[in-house]
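To keep things simple, chains are lettered A, B, C and D as they appear, and every chain counts its residues starting from 1.
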Amino acid sequence: MGYTAAVAGASGYAGGELLRILLTHPDIEIGALTAGGNAGTALGAHHPHLLPLADRVLAETTVETLAGHDVVFLALPHGQSAAIADRLGDDVLVVDCGADFRLTDPAAWEAFYGSPHAGTWPYGLPELPGARAALTGTRRVAVPGCYPTCGTLALFPALAEGLVEPEVVVVAASGTSGAGRAPKPTLIASEVMGAASVYGVGGAHRHNPEFVQNLSAVAGTPVTVSFTPVLVPMPRGILATCSAPLRPGVGAAEARAAYERRLADEPFVHLLPEGTWPTTAMTLGANTALLQVTVDEAAGRLVAVAAIDNLTKGTAGGAIQSANIALGLPETTGLPVTGVAP
Amino acid sequence: MGYTAAVAGASGYAGGELLRILLTHPDIEIGALTAGGNAGTALGAHHPHLLPLADRVLAETTVETLAGHDVVFLALPHGQSAAIADRLGDDVLVVDCGADFRLTDPAAWEAFYGSPHAGTWPYGLPELPGARAALTGTRRVAVPGCYPTCGTLALFPALAEGLVEPEVVVVAASGTSGAGRAPKPTLIASEVMGAASVYGVGGAHRHNPEFVQNLSAVAGTPVTVSFTPVLVPMPRGILATCSAPLRPGVGAAEARAAYERRLADEPFVHLLPEGTWPTTAMTLGANTALLQVTVDEAAGRLVAVAAIDNLTKGTAGGAIQSANIALGLPETTGLPVTGVAP
Amino acid sequence: MGYTAAVAGASGYAGGELLRILLTHPDIEIGALTAGGNAGTALGAHHPHLLPLADRVLAETTVETLAGHDVVFLALPHGQSAAIADRLGDDVLVVDCGADFRLTDPAAWEAFYGSPHAGTWPYGLPELPGARAALTGTRRVAVPGCYPTCGTLALFPALAEGLVEPEVVVVAASGTSGAGRAPKPTLIASEVMGAASVYGVGGAHRHNPEFVQNLSAVAGTPVTVSFTPVLVPMPRGILATCSAPLRPGVGAAEARAAYERRLADEPFVHLLPEGTWPTTAMTLGANTALLQVTVDEAAGRLVAVAAIDNLTKGTAGGAIQSANIALGLPETTGLPVTGVAP
Amino acid sequence: MGYTAAVAGASGYAGGELLRILLTHPDIEIGALTAGGNAGTALGAHHPHLLPLADRVLAETTVETLAGHDVVFLALPHGQSAAIADRLGDDVLVVDCGADFRLTDPAAWEAFYGSPHAGTWPYGLPELPGARAALTGTRRVAVPGCYPTCGTLALFPALAEGLVEPEVVVVAASGTSGAGRAPKPTLIASEVMGAASVYGVGGAHRHNPEFVQNLSAVAGTPVTVSFTPVLVPMPRGILATCSAPLRPGVGAAEARAAYERRLADEPFVHLLPEGTWPTTAMTLGANTALLQVTVDEAAGRLVAVAAIDNLTKGTAGGAIQSANIALGLPETTGLPVTGVAP
């Protein structure tokens, strides 16, 4: 147990998933658990599945309760992280699961979030070129959004290797936990079960600029992204179907070879055997992304599909993966790689 | 009761849905019910929800059992319709819910189905330009596939009005009933619940050439179609997310106006109020397609989304809609327009 | 169109289901639609599946907006019906989908609802002995709760015929729509999908005294009822598994014969063929109850199972069935009998 | 890594779950993986979520392939275990996840399974009185059925402490994975989603005699069991609602105290705080049983509810728990206690 960690926002889904993983992490001990409106209640009232922590009482999310840990995971509503991080000190590793520090372009931030830009932290998607170097030893990590995690992993090899034109289309089916735990009329079970629906269509979703930022950086040229999230009746999982126009002369073999090259050493991202396509169920509870790629010659497009668990690789697992790197631990420490299926 | 109808393949899902609707159709009386391997069993063993027909025993699917009706609905495996239709006589209205007579191009047929092309019948998507005229008085109808029904309805106004380049991307989430009733390992509930998955990726799905045929005819120029079906955990419904590059000068207002023009008089296809997006649950059991359209200026694409019930508007309801036209009945006769929700 | 009907509480699930059925009811025309907090909004914002009524604006639920109709359906929170009904006049048929007038015993009401007892109206479960006579010509109907509808139908033949001791156990799996539309943390999709849970255990559910009242009346002696509702991940449907100790000498044949006798003439309640057990999916959207009964000789118990759609036969369909009787229409008028399956 | 284990039937759900847990078991190394019809294929084709084992090729299930391991887990169809176990030698720990050796009464076996009785092995439900002693050092374990695991845990404290009469009613909602992986028409997703159904009603389910055996042994007197399994749309989980007539003078406080006494030292069975009821989702993937108990004074019954994951505590986790005891390892070694939720 080299390190202690506090979790702010412990009663939400991201907080719960952080704790589920940390409970078996060999090098990080769980410290303070804090909440906003749920402060003063027992964790078991919110996460009865986290039996070993059931009696822990949630403290208020304040700098005082969070201070004194080696790592602070923030799973807070957008806009609340900066005030806390500023006062935690530069020697504390702050891992923000929210959006506040993901974007580099203040104009993009303000256009999509409507508030002043808080800044930019090293981006916690280690699989991107250069990301591990930026994360090593850092004391600030911006955890990616769940959709950008999935779609970026599906597409970055194609853009990095110049297989496609910089005009991508991403349609991503997602389970409901990505929308969080606050009860909204559109998220009650009666409305969701038996239904597929879209939202944030036409470039309106807040994850749009994050997609553009990631893929443009990889491609070395501005990339346009048409992104549509689709809500489907399952609690967890994102399946991103991604495509882009093929560059001349690129065939299925080139595409597969490029993906194999880019992913060969990745511990958490797996290109499936030819002909096998990802399904979200295979990633449930695991810090794993499953990929497949092909080309559609008639349509002239490369098609790549990725599946992740939005709460694990898409949020809490990705956060801990980056924290491991930042702390100098082996990147895979404490992270589950096998899903719970069926 | 002006007409009698036989249903071949009555024990399957398409057959069951045809019967569910015909039970309350004021002008068509249910005649012979036939099946293949299930011949000799009671319909109630396969469709306990069709209480008024529970004791009807399924006959063998033969020309003899089907003959003598005004209408014969065929819900058979691919490749079996021609032999029956040829011997039923030209005065019988034959409505084929299978694929055999949908495609005009024999090469496309053979490439995707691997058998000789049986021919081409009037295509039962009345909303397409010219389709109603071709269906009026016909005695042969090829019912469209469920995915092409949904995606074509979403995109034809854009292509007919020249709003977009002829390069479309369709990602369609579907419930499981479209895959039929035969038990396959990938379709058992344990594998499907909690999972989103893709299949037929990269232009491999048999509905691909049907998309190309429909959209090219509407556009008056060859259209490329990148189509990916996504299986999601619900029994019914298709939600098609469709996009294409915008032509210069096309904005959201032009797009909406074009869709309004093209759909104004349609009884079963509805453009939702601005800002409201379709959900499959709203169409459950109804012969209704719900649409919305917008433009993504940053990505330079028009995005249109359509929702249908794959068994109703996508198969059996569409079949009866076309049969109504062929018989000279009001097109809406006997067809439910309100879904069962939630 | 002999009659006009207003629906109070039109934006909720019971209100929506009333309207779905009334849209095709040949003898009742839809009049005023009213709501509480949703007054002033369009019905389409709440029930996009009810396309023909999408533009109807919801009025305030007041005596003034409801007056002037032949029938007023009340789908209101508990405790609000009396004040309205009192002022609507004795010639208006008031059908209350709430609990206010179901119980005959003021003490039972007060114990479970904690407010003064409003009174007792004829109970809208026509299948119970004597119920049709009480409903004929009445101008007040108390629609049963969804669980008591299902469980009472499963058990009343056994109690009426003296097959069992008056000590019954009911465990009923239910979809989520019975809990209504108000967003609560336990009803969001992420919590419900993949989960089965219990609530109101140990006699705490408000439908308990209604069970006792119904079954005791049928048995002619006090009946104890151990009732446990189980929430399962589906939007609609109740499946009640009911059992009671067998009286000496009662076997499977006697049990089946008794159920056949009691249900022979029922238009909406069907004893399935021997060996076939009900499933909720077969009743989706239909005013149908499906039953089966057997005896467990080793355990000495009769076991009866019933399936209904909680919103249709369990609420809105049952309400219209009773309204038909009260108005002197054929009982089955306008009511769907075939479910939407799969 | 003190021990090696072979898994027979590795391509099924029980086999997959055994492997998922064994992958992180510190003291058992995974050896041979065998199958019947799937021999010769890669494990990844059946369990893509078990990434570290994806390339392992399944051997034939024979004595030869299984011999040479310290532990052999059998996850085979009923009737196949004896022939293998007889030849594996007395020093090999054989843990049978099938039914063959669960029952002590040959007549009960033959009545429910229709084949000669193979014998009786120590029963792998360590929480039962005397079970741990019988399991310690044994080289043969009969893993309980999933329903009896859940229902027995819910009821044994009440029967052991004499709180109730020996006449119990168990209605247990189950996910679909308990029915295994063979595709059957009733288990395809289209039939299951949106549906609750019963099967094996009236004492016909094969787990019935196992319930009777367990509960009678605990009570010290014959117990009658009315057991009804209910299939609900979720992949995993069992929620058993159990009740029995209260003995005179037993109230809620006595009941709770008795359960606390009986469960105080159990590592995997937890009595929840008063007022909190179990949900299956909280046990997903964990070797945990969650319980709650109350009394219904009006109905004169004790009601106990238990939730488990049928594949984990109900099969593979329970098997490994018993194997740990048999091998002399700490009982909790390698077993997950926190579920994956939501």
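Keep this in mind: a contact is a pair of C-beta atoms (placed from the backbone, for glycine too) under 8 Å apart; a residue touches a chain by one contact, two chains touch by 3 or more.
If you want to know which protein each chain is, UniProt gives these names: A, B, C, D = N-acetyl-gamma-glutamyl-phosphate reductase.
These figures come from a predicted structure and were not determined experimentally.
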item: Set of chains whose contacts include both chain C and chain B; value: A, D
item: Pair exhibiting more inter-chain C-beta contacts, C-D or A-D; value: C-D
item: Remotest chain, chain A as reference, centres from CA atoms; value: C
item: Whole-Å separation of chain centres (CA-atom averages), chain B against chain D; value: 45
item: Centroid distance [mean C-alpha coordinates] between chain D and chain A, Å; value: 35
item: Interface hub residues of chain C, defined as touching at least two other chains; value: 13, 175, 177, 190-191, 193-194, 233-236, 279, 281, 284, 342
item: Contact footprint of chain B on chain C as seen in their complex; value: 13, 16, 20, 23, 44-45, 47-52, 177, 193-194, 235-236, 270, 272-273, 276, 279, 281-286, 288, 290, 337-342
item: Chain C-touching residues of chain A, taken from the complex the two chains share; value: 13, 175-177, 179, 181, 183-185, 187-194, 233-235
item: Residues of chain C touching chain D in the complex; value: 167, 169, 171, 173, 175, 190-191, 193-199, 201-203, 208, 212, 224-228, 230, 232-237, 239, 241, 243, 245, 277-281, 284, 292, 294-301, 303, 305, 307, 342
